[in-house]
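Here's the structure, in structure tokens; my notes come after.
We call the chains A, B, C and D, going by the order they appear; numbering starts again at 1 in every chain.
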């Protein structure tokens, strides 16, 4: 059962509950239950354009590549790039290819997944630092027992089949372990 | 270096959609219940004016209001504009008037639509009447539209 | 503070918080809190010079800039009305912005209200509807924060039941707070431990609920505060310091376990309040803890414990009501979470403590209290220190 | 009260649609522009406050991402209002008045192009009675215009004249989106967009942003030869119930004008955030402006109307004319909600 629905009951108020003041309603209404709660659907439709730097990132993803934006002052590579270095407020000076392999910087075990793309639970959701990047991406780790997942572990992305590649994050189906030595977790502290 | 040749413009639809649920409290609930029952309620304002649709708090002083009264189902257009570009969700999917309508017995106006056919049929001061929805469920849309009085 | 006019809290009112407040409309919810705050201050709407409101994203309730619609309900017609939005910290930020009206001398008495009616939609939806091209958040909202909790555990070697202790304490404290959303008299260590694991290490009973609720406060200048207190018989809570700090969501060198913005904000607010040893000088803390483990994490971030030592305070019972640094006597966010209001509830509960108003969850003789709020990717912080004695 | 001034103003060249930029990419050069004008950096700033709305582009937590454009690292004292940037400036001004800051960066922006703006703005209405009817913002403005016309307070010709003047002066505004105008007769020959409003009576839909830097006392003098001192600043809200209030007047503008001291001296220029032609008439009257006051020398929101920024731009336009010496005293106005429900008034003055 989705835990978030557990407590969704309309309360019967007791002290110190407080209702709006008693009102006087003129006689003559019907004998149905008074309206207490209404359902008002709303749909808003937008066009979505990701912006210049994210577009570069998405086009690269369609070619099974990861790119990040370079901070003009520190040289740190931000992924996904948004066009601006968040630490200096200046445009990133171009994009560079990073990864695609990476390192787990931290993770959790998910027992309640959301959306149609969620793998069967439990699964590991991790922050993964692509090689050459300064910050981590979220990703799912499969092909390894959950209890063996650890910070510092090396990973590679598993891409969708070539004929399914689109300009989408979903091109990376998940990440799986590489047979490489772990990275010292303390070196990853500022890169989550 | 990946080259920055992103002249390509990526675009996709983004839909933000939800079936919002709203608790009504006593005053709004009584008004919507009234619509379901085929009558219109107003509320007596701090200055004695009858406010319709009824509000919980006086529009000028903010005082909590409690005395609901029944008003008419016909009234007078106090202002209007003509909607030519009809949009999703509007009660009438053809050109119509958006109007402020002061119902008989009320001292303030309600915003709703008038199904007048053409803008030539609209004028400030014209009398209009409620055309009820076929199925009423306790929503503002229980008033399907207003129509020129005598035409409903 | 900085030579500005003194500010005090003279009225506090909150709603009964619940999953669905089926008895009130959206305006009625705000009004309930506002009227209680005014009654507490022995004032009326007419006495108020400005109204400052805050809530989390408009998508939650499906009303854009709802303060315009709510103007009458909160007595704002003909007055200044300001709407703050700083993500989860908004309740705290809103109180701070309200205080700045008095400090700046543009108002004598202001009403500040923060709220959320989560029953209008679902926060899980509003926080995670799918944006084209972007990554689907298959892990949900908790999946965003749980990895940082795991990293905290890794760095500190904290025992894995510290979160259970926090959840149990806060939910038991909530039993002493009649306004709290969750009242679970049968809760036990084992029931928390056995509750559904959501985002390991976070269990269901270690997460906050979704609540409808609002809180309002009346803030006043020194002379107005003394007049109000003389009338109401309840002493003011003097605002000894207010601070806000923000940092980017992602930055090389960011420490998401103990963000620099939180450290800077705490240092600033304690400096303003003349506090050099917060552990010794602060009597009670209302801290924004939406997931249990954030209590030990914030104890360190706020300077109440050395780095890596926060969990030891929790484990030793220091943060219990009978400990020497009680945290979240109200039951906290873990028991009540109308998102936009949750920060101001922390600020308001802190003020209730130094006014001696907290009833069954009162800490006797509380003189100085910290209210704390945070939001976004643990990147927006707002805090205030309130005291029983005029600065 | 401390002496606080606007010392730098930067804004976008507003456009109907900036599809290739995200909001961060759009606002960053504007913020950078405000710094470059006074040779300052974010390190010189004590407080940052911004204004934006998630509903316009359909971006939840839009302001979280736009913080990247500030470069808030190390962390900064920062806040955000879900309002026009003019109210962000108000919050920053309070921060300076209370002594917590001497300088502030204020910015605001929106991309309204991704959505159907007139429909999106219906989400501001009473969610029980009016939201479910999805009335568009132009038709709602039409109700107010009709009330003005019926009361004899304006006419379609007078409204066209206002449009003509604003669009014509916009030729001299490098940031404007709608520049130049057909003759009044030609305008009046156009069909209605939403009777009684024609296209020229309505604002364009714009993407864009604005950034302003505030400084107190000596710091203002250091950054500007002739700072635009904020001598009065107040804002007020009217009832949301526009079926219960007189739409032909604006009590909130009148109160704010009185509190801000508009009448305490000659007003050389006024920049009014009146997105519909008939609203200029309401605002001019409520402010008590005389015939010798130049109204909307920039072309106002009829020439470019980036939501959430348009009000702060009005303060910036007045400040620029004071800083460059073309005006000594000016009034700026910002608005929020339908039918001028909420209004802010600022009085700006040069030295002396």
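In the analysis below, contacts are C-beta pairs under 8 Å (C-beta built on N, C-alpha and C of every residue); 3 or more make two chains touch, one makes a residue touch a chain.
Small disclaimer: the values here were computed from a predicted structure and weren't measured.
Novice: Determine the set of chains touching subunit B that also touch subunit D.
Specialist: A, C
Novice: State the pair with the higher C-beta contact count; candidates are A-B and C-D.
Specialist: C-D
Novice: With chain centres taken as the means of their Cα atoms, state the distance from subunit A to subunit B in Å.
Specialist: The separation of the two C-alpha centroids amounts to 39 Å.
Novice: Round to the nearest whole Å and give the separation of the Cα centres of subunit C and subunit D.
Specialist: 33
Novice: Could you state the distance in Å from the CA-based centre of subunit A to that of subunit D?
Specialist: About 35 Å separates the centre of subunit A from that of subunit D.
Novice: Of all the residues in subunit C, which ones touch at least 2 other chains?
Specialist: Each of 20-26, 28, 31, 59, 61-62, 72, 76-77, 119, 126, 129, 131-133, 248-249, 251 in subunit C touches at least two other chains.
Novice: What parts of subunit B, by residue number, touch at least two of the other chains?
Specialist: Each of 9-14, 16, 18, 20-25, 27-29, 32, 55-56, 59-60, 64, 88-89, 139 in subunit B touches at least two other chains.
Novice: Send over the residues of subunit A in touch with two or more other chains.
Specialist: In subunit A, 19-20, 36-38, 40, 42, 44-50, 52, 54-55, 58, 86-87, 167 touch at least two other chains.
Novice: Which of line, ring, star, complete and other names the graph you get from chains that touch?
Specialist: Basically all the chains touch each other, so complete.
Novice: Subunit C touches which residues of subunit D in the complex?
Specialist: Residues 1, 48, 53-55, 60-61, 63-65, 67-68, 72-83, 87, 90-91, 93-95, 97-100, 120-121, 123-128, 131, 234-241, 251-252, 255, 336-338, 341-342 of subunit D touch subunit C in their complex.
Novice: Per the contact definition, I'd like the list of subunit C residues that touch subunit A in the complex.
Specialist: 15-16, 18-25, 28, 31-32, 36, 62, 119, 122, 124, 128, 130-140, 142-144, 146-151, 154, 178-179, 181-182, 196-202, 204, 209-210, 248-256
Novice: Spell out the residues on subunit B that touch subunit D in their complex, using ranges where they run on.
Specialist: Per the stated touch rule, the residues are 9, 11, 14, 16, 20, 22, 24, 28, 32, 45, 49, 51, 53, 55, 59-60, 78-85, 87-91, 98-100, 102, 108-113, 119, 124, 139-141.
Novice: Within their complex, state which residues of subunit A touch subunit C.
Specialist: Contacts found on subunit A: 3-4, 7-11, 13, 15-20, 36-37, 40, 42, 48, 50, 54, 58, 71, 74, 76, 78, 86-87, 105-115, 117-119, 122, 125-127, 134-135, 137-138, 140, 151, 167-170, 185, 189-192.
Novice: Any idea which subunit D residues touch subunit B in the complex?
Specialist: Result: residues 19-20, 58, 114, 116, 118-119, 127-130, 132-136, 138-147, 150, 192-197, 239-245, 247 of subunit D touch subunit B.
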